[in-house]
């Protein structure tokens, strides 16, 4: 079987830390499967972008970075909300793989409990390159563009993403 | 087509600020559709009342206010939990309309993204006339009756709503 | 409490047999609640119309028939898919009632098991005035208009319903 | 009918306070039904254990305490997420009963609204014997074993539960 | 670990063929887990009984047959509707097991694909002892009691099950 | 915006008729999005393969056919079960597109009702090149390999797909 690694995240949005992990996995594996988790969710303060928007961001960023697309899979996977089924849900949606990369502790734990080989996928300069940091900088009007590939910041602007996030933060300030 | 406006809220409970918006919409439109959002939810601290109870409150209040019922529609709509589908969900449940009224920023944003005409439906004296304020006054034993139409306060008492809300607040104080 | 009867059906579409039952209930009860069941379903061969379209058909037909709208409630209720919860689901969505009218045997049975008073709501000339008969005549290009109130046939034409139903029947002929 | 009491909880995990209530109910009733609520949930900080693990803990603890298993039922019941349907959901899953025991205020309230006899099931030394306290002590590396039956602490260790809970707490510290 | 076998079925209703399998498994294993599949479903022509009713039937029948209850687990498990997750769903709900017994080909296949040891659990005189046969005899007014343990036929009569099934068959004859 | 066409199907399995449509769309559009509908479903007689298996089949077949992968997107989309939301669901999951290709009449109808440009995507020799025909030939032990790309038949054999389908047909012969 082809030696594949699966990289699981929500990519809200895809940033340079993610790109760094992608490149490392491709140096270790023949192929890479990027699983876009919580694919059904968007328009939330911690999850502003749709699956379609995230797929577009990732594919565009990989192409621009010169990554060979024929070695990559980008697959959105919806939540099942029953954590114990999460591993099977991913297996349901993707081709066979031999190693899991994720920096989400629960995802790591669930795969470990099922006996998989798990790599915690640490980001280079984790406290800066994180999606939470990107979203916070957008909310605060700070320089978020430096944290993401240029194609990602372009797409966020094209889809009027900053305006959307401002509406979301107003919602969260109220009683929801 | 009949010129209809749709007013979207959770109405937990329906208060005088809502009634004020209803009257304004009826002065601008031929007909008004009131969408009771999150219709499946009740018995939560931010959402104490069932759809059936909310429909009863609204219809009774409109009648008492002398509003022509044949120009009004009151329609409960359950959440879909996938925000991107919320606009289609509402279209699924209601007759055709030409303008959306809501003071919930996410709802406004979603309709704007789909190209609808949106009115933010500001309440008269927003900081007082809000459902959050009504619920807080009930929890604190303050004068909440002055914020809602008399028929609404009567129904809340008839269904033993104060007692229910006291049980809910005890739940929320614990680990749920 | 107001003496209310609840009439439960799918109303795909609302026909003269339904109207006949509505008039009978209003002669027995102070108020009538029409529950539009399976409200979330549309675009199926047995369920072609959306909740919004069905609400529009029913309200228009009642008005044309000179029925006092202030005595009527028209409330869409989505399925729960767990039959044992169906009675609670309806109670969740509607104001209090004292009798149930339905010609769907399962609905009748579920309410009987919960101790409600149930009227099987027989239609006048049941074999002709049935929604199945209306849909079959549409599929076969026969005279279906005579079975429904004029306002209903007008709405079906306005929303291009005949064309929709033709697409549905093609789908059902295949492997779905 | 057999005189049965139903004891509703999440049992995350089952502790000595629960065991105390079980013994009291069995002194009042012929049979006891233990409902494991939120049965579908696990691997969350407030709900670390699966239904299967919780059933195992409870049955083992009851046996060790010398309780007659033929008088007991242990039944997992998944959430419906529509609170108004919760009472029917439990009726759906268990044999007939005449009294409800629970120290969860919302569950008590829902059964009271449906006309059931409800016992608030107070624990002996509530502030110590609580599942929240057990979980907190595990997170803080304090003595949690003294709060649970010995068989429960053994099972938690066998399934590597401490390690799992440490992964969960790391997840909760981030933006989920 | 305790040597457990899991017996998966819908038990609509539990009949003598099932009892026969139960006894065989208990002769091969230390403990038996009976999984009541499709636990959320009832009031359908192929699934007339609720989980609560089925649990009651099975426990009563096992007791009457002199089976040691402390060696048995009876656990209702709701469907997930995503077949690929069915194996994980069962693992989620039950204590550890080493062999699967089922005469449902899809269930067998799913466990085989996950690498489990599967026993097809053939019934003694399969064409007679089947739940389909029991239900058909009830619908046709034939002798169904001889196919089920006496305690099961007693419970079906106590809950007015025959009347319920007659209502269901009328529903199925119509357009549902 | 890039000129994209979206091709919607279930691809159970992907056959030469599909490949033919793919080539036609790529001659008309800059990019092609293949939507794998009902992505959550597998192990059913009409839907034997998982999303992961179908993605693998399609990508492998396109590569073998010499199609430029950088112009293609393969995106699994789960059902929403509320037909009226299906168009929004697809928009949620994919990058922007200007034309829809599908030979499923309901999908075509839903997009037409939302104002999209729809191409019915007729297959070359439809009565032979259909997924139903492929599955029937597999069930009947006839020559199905000639209907699918060689890489697809290889994958079906690798995953033991024939054996799985035989188990499914036995299930369907019974009361499910």
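Here are a few things to note about the model shown:
By written order: A, B, C, D, E and F. Residues from 1 in each chain.
In the analysis below, a residue touches a chain if its C-beta (ideal position, glycine included) is under 8 Å from a C-beta of that chain, and two chains touch if they have at least 3 such contacts.
Computed from a prediction, not measured in an experiment: that's the story for all the values here.
Chain centres were defined as the mean of their Cα atoms; on that basis the chain farthest from chain F turns out to be D.
Counting C-beta pairs in contact across B-D and across D-E shows that the higher total falls to D-E. Judged by shared residue numbers over all numbers used at their interface, chain B and chain F contact each other through mostly the same positions, with over half in common.
Per-chain CA centroids place chain A at a distance of 26 Å from chain F. One inter-chain figure worth recording: chain C and chain E are separated by 36 Å, centre to centre, where each centre is the mean of the chain's CA atoms. The set of chain A residues touching two or more other chains comprises 40, 42, 50, 82, 84, 91-92.
Of all possible chain pairs, the ones that touch are A-B, A-D, A-E, A-F, B-C, B-D, B-F, C-D, C-E, C-F, D-E, E-F. Chain B contributes residues 46, 81-84, 104-106, 108-110, 113, 131-132 to its touches with chain A in the complex. Interface residues of chain D facing chain E in the complex, by the touch rule stated above, are 39-40, 42, 50-53, 55-56, 59, 63, 69-70, 73, 75-76, 78, 91-96. Put simply, chain E touches chain C in their complex at residues 40-44, 50, 160, 163-164, 167-168, 170-171, 174-176.
Interface residues of chain A, counted against chain E in their complex, comprise 80, 82, 84-85, 87-89, 91-92.
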